[in-house]
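What follows is a set of structures to go through.
Paired with chain B in one complex and with chain C in the other, chain A is shared by the two complexes that follow.
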Partner chain A sequence: MKDNIFIRYLPLVLLAILWEIAPRVHFVDPSELPPLSAVAAAWWSLLLDGDLWTNGISSLINWSFGLGSSIIIGIALGVMMAWSTTIDDIASPLVKALYPMPKSALIPVMILWLGLGAGSKIASIALSCLLPVIISAYNGARGVDQTLIWSARACGASNRNVLWEVILPGALPDILAGIRNAVAISFIVLVASELLVGQKGLGYLISFLGEGGVYDAMFAVVITVSALGFFADRAYLYFMRRTLVWRE
Partner chain B sequence: MAGSGIVFGAVTHTYRPLRGRPVLALDGVSLEVKEREFVALLGPSGCGKSTLLYLLGGFLPIESGSITVNSKPVTQPGPDRGIVFQNYSLFPWKTVKQNVLYGLEKQRMPKAERERRAQELIELVHLKGFEDSYPSQLSGGMKQRVAIARTLAIDPETLLMDEPFGALDAQTRTLMHEELLAIMQRSPKTVVFVTHDVREAVYLADRVAVMTARPGRIKEIVDTRPASGSRANYLQAPEFTAKVDYLWNLVRDEAIRAQEDHG
Partner chain C sequence: MAGVEKKSFLSPVWKRRLLRSSSVILLAVAWEWGARMHFVSDFLLPSLSTVLERLWNDTISGEILVALGLTMVRTFAGFTMAAFAGIIIGVTIARVSLVRWFFDPIVSVGNPLPKIAFLPIFILWFGVFDWSKIAMVAFSSVFPVVVATWAATENVDKYLVWSAESLGVDRRALLWQIILPSAMPGVFTGLQIALPISLIVVIICEMTMGGEGLGGSMMTSMRFADSPGVFSGIVAIAIIGSVLVKLMEIVRRRLLIWHAETAH
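Let's turn to the complex of A and B:
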């Protein structure tokens, strides 16, 4: 077990060593890639002077409102499309038209409509994350076995009971998988929207530090964002497995 | 047409697929099932016997003809008609006990009473010790026992069974036959049982209604009760073999016709 963990993290350790040595021996230009120790020191001072916190919390708020609203709206829309052919006929051309669109292309439109504040960022995240949630909820709800619905009805369940007690739990495995995709997209759009404009957030911090030439600190924020994305996915995966214990 | 039991009156049903031409599935099916009678619907696949059961369950709209249960026309599903499907249809996210409790919760039975009732049913189908297992952890036979317990828990007057043992291996199926008969002896119900297995139909049912290949009609109704009144050694009795042979000859022609239709 111990060997296993060691081998698993060996590539990361090697990368860290390489990152430290390469700029020091001037294999790469240290002004373009500062040594890892300098990045770590910059990270520590960003943490101490509070820049990481204030911007991190600002990002976290936009991220949770954006992702949260996409999950709620996406599940509702996807399930309603599966439930009613009329809603499906109206909504599915829109969904299909939005599907191939590069999500970051929405950001300038949202800025035009909603301004430079938090609103445009939240809306960009929500719209980008909406599609994987809608599609997974739609497929999940349509995939619920007809005989499962009939069994519930024969037990005396109303249509509303069927929706909450059969369709939604039946669609849950698909919905949770769709939300995982949405989480990945949410980080991309969050940082992209903050890079573009704004005075707050981790993406803003990256562009501010980059423009000011403080590259060690810039790299420190880039690593922070990557780590947050990684741990968010890990935590989500853990939550998903816990929720779906009933499968095999 | 009044009276107790189930009355199918000239039921005709057309199956309309999203693409392709409509298919006449049932053509003027009339049949009476008396209270506490066990009737098997026997026929080749695609003869509409399951459709007839779904119409009785209230899951599909009745387009033409009528179905009444105790003189009341069927309009929607209800707890007076419990159903067991071939694919078990358990809620996979619920444990054995939660599955059995589902119908009792819908019937608003008080908590203490429904706990007691669920436990009683779980013991009836020999699943004591598996209360907290999920369906994915059970064998096919065990899953079907849970489904039967869930359906019997709310004590429906009529039990609809849609090839319930079709997915089980031969040994498990035989055991399930014996268990079903034992349960029916303890609390008799009206049963409509869909199958394409001739021996199963003869062994379990009081009467067997043989259906024709598509469109489904009733070809003949055969009394399959043992002369002695007991099924104890029925499987070995010459009358059992004679009835299986007789029914098999009726079904054979239809099975061949059904195959030609598919080809």
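Let's turn to the complex of A and C:
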């Protein structure tokens, strides 16, 4: 029974059937919950219109620039903090002070600085994802077995070799776990910033359709964004397991 | 060698302390000085003293306290709902196979979803006032609690459970005396993940739907191009975030005072 994929996912199928039937028999108001088939039809027409593509690509660009820069900068800063006690002493109080800040509060400041366009969204995503990546890289690099570093040095490894061949691989599990957090945060900030301002992006499309009262299409875009978030996480998890296969 | 050690002006301990606070001080000084020298316009970066003064005035006039109160009520209403629902669902998933069958795919699909995308649906269902915000918070924070409780309950030491059962403990006592206490550290970790999420979501909800609160007043300030208001908002939110995280740590230490983790 455990391996039977149909039985395993049957609850989701049941929920989908319930979603289709409940509005049809007016158990719930169809204007508040359009039946699943209507949502699917709306999704198809959005896809044919190209609305889903143009907004989706705009979201994707902001997302990848924001997340990508936070990953690169975050790993560099985190490893540097672990490498040098001076940098650690200087930077870690600031990092620790800012870490618990609710990330969404950055969005208005970024809008103030960078305007309503893509810049403020990319910056909001990058800054929100930065701290989790820094902390994971820092913890990972500090957790690298000291004897490994000593052995590498004793074999004549240069600083550069130690960094690339001992510290980074050693810190990788933590870094990858931190990036998974960052992926989750990046989606929240992306959608939130698009819901708030802008004329492009899937978040914008959701609020535009919602304000226009086109609820079946709005549900379709919400499902699309959720699916993107879900598959991004799953794909990342798969990538993470593949990357860390040498640890087992 | 030890005798001729160079006498330093500062003892090493103080040197380290100074170094450790240098970044915060430097940032504050750079902010104040940069703003005063008008490297950037007052609009983009009001000086730190202006922002703190604004924060102080808003505290005196009670404006920020009202906003804070609204935000906290919404956060904790949603968080409490998520905590209760999450713990109940998590424990029953781990203990009852039918419940596990039903919730397993829902949790594994629902947990990584960007829940914030559902915001307009919640507005449609619950209106633009408090209920939609509270529901949104509960929906976003329930998943980490479920996942953490589930894992913690599954990992309860089997020997403890078997010993209790062989001593004739009934199901109810087993749950309250053995399973819940042993799962407590894991459950609490879930709550510690969920609370910051609640705060993030409340602030986003207030920004998009209005209805005052810290997020709402920050957005209002932004629309009126009142940048000291925006910056005092972010400072207030940052402080609240740290205070809540610290409070959770303190509560954890008090609640788990009997547990081995508190010893170190």
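Here is the rule we use: the second predicted complex is superposed on the first by the 245 of 248 C-alpha atoms of A that agree within 3 Å, B and C clash if a C-alpha of one lies under 4 Å from a C-alpha of the other, contacts with A are read in each partner's own complex, and residues count from 1 in each chain.
Operating definition for what follows: a contact is a pair of C-beta atoms (placed from the backbone, for glycine too) under 8 Å apart; a residue touches a chain by one contact, two chains touch by 3 or more.
Not measured: the values here are computed from a predicted model.
Novice: With chain A superposed, do chain B and chain C clash or fit?
Specialist: Aligned on chain A, chain B and chain C fit with no clash.
Novice: Scan A:Val166 for contacts with chain B and chain C and give back first, second, both or neither.
Specialist: After superposition on chain A, A:Val166 lies in contact with chain B alone.
Novice: Answer with first, second, both or neither: which of chain B and chain C does A:Arg247 touch in the superposed model?
Specialist: Only chain B is touched by A:Arg247; chain C is not.
Novice: Would you sort A:Leu148 into first (chain B), second (chain C), both or neither based on which partner it touches?
Specialist: So A:Leu148 only meets chain B here.
Novice: Rounded to the nearest angstrom, what is the minimum C-alpha distance from chain B to chain C in the superposition?
Specialist: Between chain B and chain C, the shortest C-alpha distance works out to 8 Å.
Novice: Which chain A residues are contacted by chain C in one complex and by chain B in the other?
Specialist: Residues common to the chain A contacts of chain C and of chain B do not exist here, since the sets are disjoint.
Novice: Which part of chain A faces chain C closely enough to touch in the complex?
Specialist: By the definition above, chain A touches chain C via 7-12, 15, 32, 86, 89-94, 97-98, 100-109, 111-113, 184, 187-188, 190-192, 195-196, 202-203, 206-207, 210, 215, 218-219, 222, 225-226, 228-230, 232-234.
Novice: How about chain A: which of its residues touch chain B in the complex?
Specialist: 145, 147-148, 150-157, 161, 165-166, 169-170, 172, 245-248
Novice: Considering the complex alone, what residue numbers of chain B touch chain A?
Specialist: For this pair, the touching residues of chain B are 54, 57-59, 76-79, 81-83, 85, 87, 89, 91-95, 102-103, 106-107, 134-136, 147, 150-151, 154, 156.
Novice: Enumerate the contact residues on chain C facing chain A in the complex.
Specialist: 16, 19-24, 27, 43-44, 101-106, 109, 112-121, 123-125, 196, 199-201, 203-204, 207-208, 214-215, 218-219, 221-222, 227, 230-231, 233-234, 237-238, 240-242, 244-245
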